[in-house]
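Right, one structure below, let's go through it.
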Amino acid sequence: MTVSDFSRILDARRLRADFPALQRATRPGVPLVYLDSTATSQKPQQVVDALAAFYRSRNANVHRGIYTLAEEATAAYEEARQKVAAFIGAAEAAEIVFVRNATEAVNLVAYAWGRANLHAGDLIVLTEMEHHANLVPWQMLAAERGVRLEFIPVTPEGALDMAALPGLLAQEPKLVAVSGMSNVTGVQPDVAEIARQAHAAGAVVLVDGAQLVPHAPVDVQALGADFLAFSGHKMLGPTGVGVLYGRRALLEAMPPFLGGGDMIRWVKLRSFDVNDVPYKFEAGTPPIAEAVALGAAVDYLQHVGMEAIHAYEQAMAAYVLPRLQEVPGLHLLGTATERRGAVFSFWMDDIHAHDVAQILDHYGIAVRAGHHCAQPLHTKFGVPATARASFYFYNLPEEADHLIAALYKAKEVFA
Amino acid sequence: MTVSDFSRILDARRLRADFPALQRATRPGVPLVYLDSTATSQKPQQVVDALAAFYRSRNANVHRGIYTLAEEATAAYEEARQKVAAFIGAAEAAEIVFVRNATEAVNLVAYAWGRANLHAGDLIVLTEMEHHANLVPWQMLAAERGVRLEFIPVTPEGALDMAALPGLLAQEPKLVAVSGMSNVTGVQPDVAEIARQAHAAGAVVLVDGAQLVPHAPVDVQALGADFLAFSGHKMLGPTGVGVLYGRRALLEAMPPFLGGGDMIRWVKLRSFDVNDVPYKFEAGTPPIAEAVALGAAVDYLQHVGMEAIHAYEQAMAAYVLPRLQEVPGLHLLGTATERRGAVFSFWMDDIHAHDVAQILDHYGIAVRAGHHCAQPLHTKFGVPATARASFYFYNLPEEADHLIAALYKAKEVFA
Amino acid sequence: MEDLYREYILDHYKSPKFRGHLDDYTLVYEDDNPTCGDHLHMELKIAPDGTVADARFDGMGCALSQASADILLEHIVGKPVEEVKAFSKDDLLNLLGISLGPVRLKCALLSLKVLKGALYGLNAEGAQK
Amino acid sequence: MEDLYREYILDHYKSPKFRGHLDDYTLVYEDDNPTCGDHLHMELKIAPDGTVADARFDGMGCALSQASADILLEHIVGKPVEEVKAFSKDDLLNLLGISLGPVRLKCALLSLKVLKGALYGLNAEGAQK
């Protein structure tokens, strides 16, 4: 893979021009090399424009408004729901619930579906690579209801130990909740296969798609996801909006989560009746402008093409991985070469992850340091913190070169 | 009060220029008269600019980021928290939790504080004028836990029947949850007095400030609010961000609500420990850009002056109320002339609220029709729906004249 | 007022031909639109040959919901039930001759919802045969 | 590397003077920074005249957290406890001579947090006198 090969997949250099933040300098004279898209992506001008245009000309509260502006706002909001539904292959727009972020989406399922369907002794199967967002809500439920948690182990390479799955499924879990892509290792478990086996065992399947949806083509039917949680801000959209996809039958059978306006059909002083899905789960004024801008982000991603994005990042992973592994004293958390995205977490002999990140920042390179909200995975690998470099389709191979060079500099400083 | 008197309080005509949406036409040739700020306010260019500027140059995920961009984003987010804290007189920024909207803020209290502190037979005192957001969460809690709900009655004028309060407090409620301003009648109950009596009876006081905070100076200490819930989008801010203020001691004693990243101190596979307030209640990526833009909205409101805004709307109420009452066959839901904002809900003989709203829209006037998420109050007044015209500081008395004239037209159409 | 408040709609609202009750009916249904308080009750008499012999509605609500009921009943009386069953949302909107936003759509379509409820023999709360 | 990785900081990190343990100490405390895994253990020997006779730290973490502990201990040894108790966050940052963002601030200030814990006799989980 040479540098010029990348541009045959996707013209990152041209696309970058759409992202104002990528034009900025970290400090005067030091261009920004943004390698933290796993935490949050940068936003193309098209998305920022969609936000601004909404507020400038279509801003009103949605639903029940009869006047022109309110009808336009409602139409824009519902159009965004349709775009998201089509983007992930949902059977209908009503299966898309707008929430704040992937975290809230998982919590919604834990509170509304979990508390209605899980009882003491019931089993939930998770994995050792889960983000806290797909772990803590289930721990809270376990503590409250006596539900049991078991974990698909992670192999030394960072992959899921699929051999352990049948044994766990034999215990007839009610729910299997698994990440579509680790935000630490970049590993993309074979969710479709997990879902197939889990369904055969009678379990409901929740996929944490916070990383998968921004980085690979996703079709909920092919994936076999009963629930899919993801965040707008990691896929070019604004903060403040995320998505819970749920199969209609499941959503309909669930009690509501938050109470308030819009989620009701009628209200008396001492009782209420719930509205239809998805409104049942959207209490109060939703993130209207944010949903509309997420629709613009989906348009952008589809214009670039999710297949191309995925291929580009595969190429990037193949390019970066061996170069990182050549750095003496650098240890990767997750060395898998198959089914992985371009996310690399590593630690270095004698240099703490914080110091790595700080030195890289000196060279304009933005990477994250810490446990990346996946502390159990770090504990498993025996390190409290790693530095993480993550690439999106707008990153260039030259930026990877820059990262590698800076890592050698860091070694010099600490030599 | 003549038209020219208004401009002595506040120069609405000049301020309007900051609001792009107020410059638009409903249809070509028909200027927009926006009288639905109670549902959501329009946004000044300054707020839209704050959003765009954040995404263009400071966009990164907050907390734990070491690189320059992440530090800038975190600083901007925490600065917004400080602005909001100062705006409502909170003792410290840590008492400000960013949520999606007022609805989520009330639900957070109902789930986290309510489920930890309320037991079967305990009493919650609400009022008959509550918005569904401050009603349904308590109904859900009541249904789940056997908590009792009682209501401060509303008088025929739409005010709270304060005489009923001592009798209710004698039953030693654990919580008194009351709206600071009705979104239907515009009535602003004497919350400070209610809080004084409620505290003397040992109750915790939650104030639904969704309408009060945008329209009047609020100081949580003077108000006596232990919790205060409000939404950014009704006070010039973006959608997707709201605020729960809580006294530190209460917040600290509460269990968490949503589980995930940022709200934890550490996480193992089967247990976790919570972070400090306010982070304990902010699971996952918060509405970062939205909070920053809410900070810009607070700046704007403070620049105009909350005292001036309040005085202007009082003047508007005094101007509009008698003119509305002169329209034959028009009935106001809430005729109180004291302690009220410029919100007017009404029904007309022989013309359904929907038809009123539709005809007004024909004249470019945006009003809402329905029960305005306060169905019990409408039931009490024996009407299923009203039309509601609500004014903010950017509305002009001429717009009120326009409304009145259009109502006479509606009567002609249906004559 | 062009469009929504065309004479046609207003006439049907102010002087409905089918408002009232039948002495004897075959099918009955009622439903409402809780958001706005529109309410509609409908009675149908089906003749032995399978046509709609007569129909009446009663209820309260906005001009659109009530006029739409009157217009709809005027259209279906005399038609075979099977044909009426196939009557669609778009057919009704064509009949009304106006374009509507989502909220008003619910008002306009309440009549069709109630008609279908009656034809398909759904059980309406409070409606007795 | 100017600023953060000035020789001064790096020297204290690479060749700390106060890393280790005391045979005999009066006060001990430890704490950590779970976000990043920084950990610090501190032992203080207080002389009868109320001065800090000697001190040591042990732990692991980033250069900043460890160097800051060494620099801090170097500064306080020999000083009266009352004076050390008054030592502030700003004093430490002056000593370090660098400006820091919020995350790194936590690293740099962990040493002060542990020192205060020891001086004010807090109970640290896992720390034994």
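Note that the chains take the letters A, B, C and D in the order they are written out, and that residue 1 is the start of every chain.
In the analysis below, contacts are C-beta pairs under 8 Å (C-beta built on N, C-alpha and C of every residue); 3 or more make two chains touch, one makes a residue touch a chain.
Only a predicted model underlies this, so the values are computations on that prediction, with no experimental measurement involved.
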item	value
Chain whose Cα centroid lies at the greatest distance from that of subunit B	D
Contact-richer chain pair [A-D vs A-C]	A-D
Mean-CA-position distance for subunit D and subunit A (Å)	39
Centre-of-Cα separation between subunit D and subunit B, whole angstrom	48
Subunit A and subunit B: spacing of chain centres that average the CA atoms, whole Å	32
For subunit D, residues that touch 2 or more chains besides their own	34-35, 103-104
Subunit A: positions in contact with at least two other chains	64-66, 68, 70, 266, 354, 358, 369-370, 375
Touching residues on subunit C, where the partner in the complex is subunit B	1, 3-5, 10, 14, 34-38, 61-64, 103-104, 107
Touch list for subunit B against partner subunit C, complex	351-355, 358-359, 362, 369-371, 375, 383-385, 413-414
Touching residues (chain side subunit D, partner subunit B) in the complex	34-35, 101-104
Touching residues (chain side subunit A, partner subunit B) in the complex	20-21, 24, 26-27, 32, 34, 36, 39-40, 42-43, 47-48, 51-52, 55-61, 64-70, 100-104, 106-107, 110-111, 128, 131-133, 135-137, 139-140, 142, 149, 151, 231, 233, 238-241, 256, 258-264, 266-272, 283-290, 354, 357-358, 360-361, 365-370, 373, 375-376, 379
Of subunit B, residues touching subunit D in the complex	63-66, 68, 70-71, 74-75, 78, 265-266
